[in-house]
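When the chains are written out, they are named A, B, C, D, E and F in that same order, and each has its own residue count from 1.
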Amino acid sequence: MRPSGRAPDEMRAIRFEPHYTKHAEGSVLVSFGHTKVICTASVEERLPPWLRGKGEGWVTAEYSMLPRATHTRGQREAAKGKQSGRTQEIQRLIGRSLRSVCDLKKLGERQITLDCDVIQADGGTRTAAISGAWVALRIAVDKLMAQGLIAEDPLTRRVAAVSCGIAGGTPVLDLDYDEDSSADADANFVLIEGGQIAEVQATAEGATYDEEALLRLLRLARIGCERIFAAQGDAVTA
Amino acid sequence: MRPSGRAPDEMRAIRFEPHYTKHAEGSVLVSFGHTKVICTASVEERLPPWLRGKGEGWVTAEYSMLPRATHTRGQREAAKGKQSGRTQEIQRLIGRSLRSVCDLKKLGERQITLDCDVIQADGGTRTAAISGAWVALRIAVDKLMAQGLIAEDPLTRRVAAVSCGIAGGTPVLDLDYDEDSSADADANFVLIEGGQIAEVQATAEGATYDEEALLRLLRLARIGCERIFAAQGDAVTA
Amino acid sequence: MRPSGRAPDEMRAIRFEPHYTKHAEGSVLVSFGHTKVICTASVEERLPPWLRGKGEGWVTAEYSMLPRATHTRGQREAAKGKQSGRTQEIQRLIGRSLRSVCDLKKLGERQITLDCDVIQADGGTRTAAISGAWVALRIAVDKLMAQGLIAEDPLTRRVAAVSCGIAGGTPVLDLDYDEDSSADADANFVLIEGGQIAEVQATAEGATYDEEALLRLLRLARIGCERIFAAQGDAVTA
Amino acid sequence: MRPSGRAPDEMRAIRFEPHYTKHAEGSVLVSFGHTKVICTASVEERLPPWLRGKGEGWVTAEYSMLPRATHTRGQREAAKGKQSGRTQEIQRLIGRSLRSVCDLKKLGERQITLDCDVIQADGGTRTAAISGAWVALRIAVDKLMAQGLIAEDPLTRRVAAVSCGIAGGTPVLDLDYDEDSSADADANFVLIEGGQIAEVQATAEGATYDEEALLRLLRLARIGCERIFAAQGDAVTA
Amino acid sequence: MRPSGRAPDEMRAIRFEPHYTKHAEGSVLVSFGHTKVICTASVEERLPPWLRGKGEGWVTAEYSMLPRATHTRGQREAAKGKQSGRTQEIQRLIGRSLRSVCDLKKLGERQITLDCDVIQADGGTRTAAISGAWVALRIAVDKLMAQGLIAEDPLTRRVAAVSCGIAGGTPVLDLDYDEDSSADADANFVLIEGGQIAEVQATAEGATYDEEALLRLLRLARIGCERIFAAQGDAVTA
Amino acid sequence: MRPSGRAPDEMRAIRFEPHYTKHAEGSVLVSFGHTKVICTASVEERLPPWLRGKGEGWVTAEYSMLPRATHTRGQREAAKGKQSGRTQEIQRLIGRSLRSVCDLKKLGERQITLDCDVIQADGGTRTAAISGAWVALRIAVDKLMAQGLIAEDPLTRRVAAVSCGIAGGTPVLDLDYDEDSSADADANFVLIEGGQIAEVQATAEGATYDEEALLRLLRLARIGCERIFAAQGDAVTA
C-alpha cells in the first residue's frame, strides 16, 4: 500500500489550466496532485547571436521554485546569486525534451522560452514542468500559425514526462514527495506520443537496480504518459 | 476619463485568496485587478547570527517577478546572478512596512520571511505585495498564537499600501500599467489602519509636483487603503 | 535641545569646494557638517546601446562610501562583489533627482555620470550627494556650452535635498548621525528651486507619523533647501 | 563501419596509470583512447557542517576541463566566474555513481573529494572520469585501511561507466568525439560489478529511440564495463 | 628634459595631511604631485578566524580608485562585481610592504586594515599609497600605545615606496602619468629606512633592460625614499 | 646544505615534453623537479574587440592549479566563482613575460592564449609556467609560419624564469616548496636569452634584504636561466 493509498500504477490527479496568465503567448498551470507549476511560453522574434543565420529557431527552458514551494523555505536563487546544479540540470532536461518534438526549421528564426516556475512542490516537479511546457508551447505555436508567421506545424507530436521509482521494493508510478524521499531508485521518463523515448534518467538512490526493474519502471511510465497525453489534448482543445 | 473607465478615486477589484499554498505558515494570492502576487510567510525558529540574543524577532521580505509576469519577458534574476536595484528597493520597502506594525519583542526570537512573487504584473505590484504580505503574516502569527508559541499578539494593526499618481493632470488612485507608464508623478503610500503613515514615496516622473498635489494623492491613498483594510479583514476571518 | 546644540530649523555648515579634482568635467567636495562627499560629473560622448537613437541624452549616478567613512569599518563593496540594496537605492534616487531638472533633449546624445563618493559620513550622505551632484553637473554642462557642444541650457533650475526627521518628538532639519539613528521618522526631500517637489521619501522608524508631521517636515525641508540653493549659486559663480 | 574502424561492440584502448600525482591520497591518469582524465581522491578528516554528527562520511566529486582539452579553446570557468550547467550535471553524476558503491557508515566521519580534470577530450569524458575516480578512491581507501583509520572496507564493489549511442542507425559502444557529435541517441550507463545498474541517462539527440534500442545499448554497456572492471582490477593491484 | 621640467632625480612635491578623516584610528591624505590618496588605518580587536590563537596580529590593505580619478572614467569595481587583477596585485603589495616593518607579535591579536583610496591619479598611486599607509598605521599604533593596549612599539622602522623608470633612454625618479605611459621600463621599489629593501618589482614595458639599469633605478629610488622618510617624520610629529 | 641536497647554484631536473596534448597549436609538459605544468598555446584568428584594427596581435596567459596539485586540497576557483589575487598576479606576469620577446606587429591580427595548468606543485610553478609557455608559443608560431600565415618570425629570443631566495642566510637557486616556505626573501627573475632582464620581483618574507643580496640572487638566476634556455632549445628542435 502506498502512503497516498494509490495503486502502484495510479497517477495523481492531473490538471491543466490553460491560458493561466495574461501576457505570455502560451501559458498553463499544471498540477500533478499537490505539485503545481506555472508554465509560460514566450516568443521572441530574434535569436541570441550564436544561433542566428542558420535558418532555424530555438526552444529553451528555465526552471525555478518559489522559496516556500517546499516544506521548509529554501534560499532564493536570485538572492544567492546563482542557480543550483539541480536547477540547471532540470532546465536543460526541459529544453531537450521539448526540442525532441519540435522541428526547429519549421519554427523559423525565432526563440521560444519556456519558463517553469514551481508554485508548490510535492514530488515530480520536473515531470509536471515538461508536461505543462508542452501545453504552453502548443498554445504559443498555434498563435504563431494563426498569425501566419509559421506556415507548417513544427510540433506534430506530444511529449510528456513522469517519474517512477522503487518504493518498499515495489515499482510505482508518479512518486509524491514522501515516496520520493525514501525510494530506492528514482527514474524520470520523457516519452513521445506513439511510443518513442526522448529521455531516460534512472538513478539508484538507496540501492542499485537491475534490468528487469528498469523495464518495469518504463512500463509504468507508459501508462502514466498515456494519461498525460489525453489531458494535454483536452487542455489545448478546450 | 481613465483608460480603464474607472473614476479618479476608484480602486481596481481587490481580492485575497488566503491559504493559497500548502506548506507555508501563512499564504495568500492577492489580486489588484490583473496584478497578482503570491505572498507566503515562513516562520523560522532561529534568527540570523547578527540578530540573536536581543530578546526580539525579525520580519523580512523578498520580492521577485516571474520572468513573463510582464508584457515582454524579463531576464530571470537567478540566471543573471543578481537582484536588480528595483527588486532590492521593493523588498526593503515591504520589510519596513510590515515591521512598522509588528512588535518584534512580542514576536520572540524567531524570524518571519515574507516572500512576494509576482505572477502577473499590471501596475502596483509592490503595493499589492505589502497588502498581501500583511494577510500572510497575520495567518502565520495566528498559527503561532494558537500553538502557544506567542503569548501576546505582536500585530495589532493592519498595514496596506496603494499607488497614486497624476495622470493627464488629474490625481488618480491605484494606477494600472498603462496609467503608470505615462503618469507625471508616481507615489506609493503605506498606511496604517487608523490613519497613521508608515511610508510615503512620491516621485516626479515627467513633471515635478507641488504640496497641494502631494496632499491630494495622500487623500486618495486613504480612500484606497480603507478598501484594502476591509478586504484584509474579510480574508483573515474567512 | 538637539545634541549638536542647533535649533530645530537650523542646518549644519554647508560648504561646496568646486573644481575639487583635476580630470572630471565637473567636480565638487560638498560638506554638510562632518559629512563630506566628492561629486564628479563625467561626460561621455556616447550612450549605452539601449539609449541610442532617441535624440536625447542620459544622466545617471553612482554612489559609494569609503569603507572607513563611518564609525566602524564597513566591508568594501568591490571586495564583497556586489553593491548593497541601500547603495542601489541611493544611486537610483540621485539619478532621478538630477534628471528631474535636466532636459535630456537639450543635453543631446551624450551621457553624464555623477559619481558621489562619501569620504566621511555623519548623516545625510544622500542629500549632500544630490546637492553636490547638481554643482558638478552644472559645471560640466557649462563646459559643454562653452565648447559649443550644447546650444541651449538643459539645466535651468537647481535641485537640492535635505533630510528631516522627528527626534525626541520634535521635527528637526538636517539630521546628523546621532539624531538619525534615534529618530522616530526619517524623511528625505528633493526640492526644486521655486517650490516644486521632485521626491519625498518619508519612512517611519520607531513610530509611525501623521499628515501634520509630514507637512511640518516638508516645511523644514523648504528652509534647508533655500540655504542650499544659495550656496550652490555661490559655488558655481565663484 | 565506424570512423575509427572499430567494431560496434569494441572499446577504445583503456589505460589506468595509478599513483599519477604525488600529493593526493589516491590518483590515476585514465585514458579511453585520446580522452585523458586526471582523477585524484583527497581525504579530509572533517565533514562540512551540514553532514556532521550522523556517524557517516561523504563522497563528492568535482569535474573540469582544461580550456584547451578540446578542438577549440573554451573559456576557463574560473575566469567566467561560474561553472556551466554541463559541468555541474557531470560532477553530480560522478559523486552519485561513487556513492552507489561506498558504504558511508563504514567510511566514518570523513569526506573524500574526487577531482576529475580532463587533460584531453575525445568523447566519453564523464564515463572515463567515473571509471578513473573509482581507482583513485580505491587507492585512498586502501591507504586509510592500512593506517587503521577504517576497520571494514566501505568499497566492496567496483563501479564503471561507458557511453553508447546510435550512430548511423547502429548501436555502438564507447563513442569518440566524431561519433558522439553526429549520433542520434547518446546514453551513459553506470554499472556495478556483478550486473546491477547505478544510473542510466539516455538522451535522444537527432531522433527519438525505442525500448529495443535502449536494451541493445545497455547490452553494449555491459560488454564495455566488463573490460573496464578488469582494467581497474589490474590498476589497483599493480 | 622631462615633460614636467623636473631633473632626472627630482621628486614631485610630496605632502602628507595627517588626521584627514574623523572616524579612522589613523588617516592621512598623501599627495605625490597631482596623485592624491586617502589612507586610513582601521583597528579591529578581533582577527578573522584563520588568524586567531597564534598570539599575533595582522596588517592588511585594500586599494581602490574613484571611477573618475583618471583621465577617462573607469567602471566602478563594486558595480562590475569584482576587483581587477591590477587592484588585487596592488593591495597585496601594500599589505606585504607594511608587514615588512611591523612586528606582528608586538601588535597583539588585533587586525589593522589600511584602506588606500585614490582620489586623483597621475602616476605612482601604489607608491603614494604605501608611503601614506605607513603614516596612517603609525598614527593608529601610537593611539593603541597611548591607550596602553600595546606595550612595545611594533613599528620601529619607516617604509616608503617610489616608482622609477627609463624614459627616453634616461633613468628618472617618480614618474607621472605622461612619463609612465611611454616609459620603456617601470620599477617600483619599497625601501626601509636605513637602506634595506622590502620589494623590487621591475618590469620591461617597451624594451627589456640590463643589470646596470636596474642598479641605477635603485639608486634613484634611494634618493626619493629619503625625501619621503623625512616627510613622513614631519607628518607624524606634527 | 639544502634540504634537497642540492648545491646553492644547482637547479632541479628540468624536463620539457613537447606536443603533450593533441588539440592545441602548441603544447608542452614542463617539469622543474616535482613541479609539473601543462602549457598550451591556442591560436585564435580574431582579436577581442578592444584590440582590433591596430595591425598587431596579442599574447595573453591564464594560470590555474588543479585543486590537489598541492599538499592539501585547495578550493577550485571555478567553484568559488572567482580567481584569487595570486592567480591573477601570476597570469598577468606570464603574459607580460611572453610579450617581452614577441613582436606583436609581426604576429599579425591574431591572439595566442597560453594556458598554464599546474598538475603538481612543489615550488616555482610560475617560473616553470613562463619557461614552458615559451616552448608552447614557439611551437604554435612555427606552425603559423609553416602555414604561411606569418611571414617573419615574431619570436626571435627565448625567455625563461627561475626563482631564487635567501634560505638559512644563503642565496640559493630554484627553490622547492620546503625552501620556499621558510625563505627570508623570494625573488622571481624573468630573463631574456643574451642577458637582458624582462622582470624582477623580489620580495622580503621573513627579513628584508640589501642590494648585495639582490645582485647575488640575480647572478644565480642567470645560471639557472642558461640551463633552461638550453633545454628549451632541445625541446623545440626535438
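In the analysis below, contacts are C-beta pairs under 8 Å (C-beta built on N, C-alpha and C of every residue); 3 or more make two chains touch, one makes a residue touch a chain.
Here's who's who by UniProt: A, B, C, D, E, F = Ribonuclease PH.
All values derive from a computational prediction rather than experimental measurement.
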Review point. Any chains in contact with both subunit D and subunit E?
Key: F
Check your understanding: Counting a repeat as over half of the contact pairs in common, which of E-F, B-C or A-B repeats D-F?
Key -> A-B
Point to revise | Rounded Å distance, subunit B centre to subunit F centre (Cα mean) | key: 59
Exercise for review: Let me have the rounded angstrom distance from the C-alpha centre of subunit A over to the C-alpha centre of subunit C, please.
Suggested key: 50
Review point. What positions in subunit F touch 2 or more of the other chains?
Key: 81-82
Review point. Can you list the ring's chains in order, from subunit A toward subunit B?
Key: A, B, C, E, F, D
**Study point:** Footprint of subunit A on subunit B - complex, ascending
**Key:** 21-24, 27, 34, 38, 40, 42, 44, 62, 64, 66-73, 76-79, 81-83, 87, 113, 115, 117, 119-122
Revision key, fill the gap. Given the complex, residues on subunit B that touch subunit C span 82, 84-86, 88-89, 91-92, 96, 100, 187, 192, 195-204, 208-211, 214-215, 218
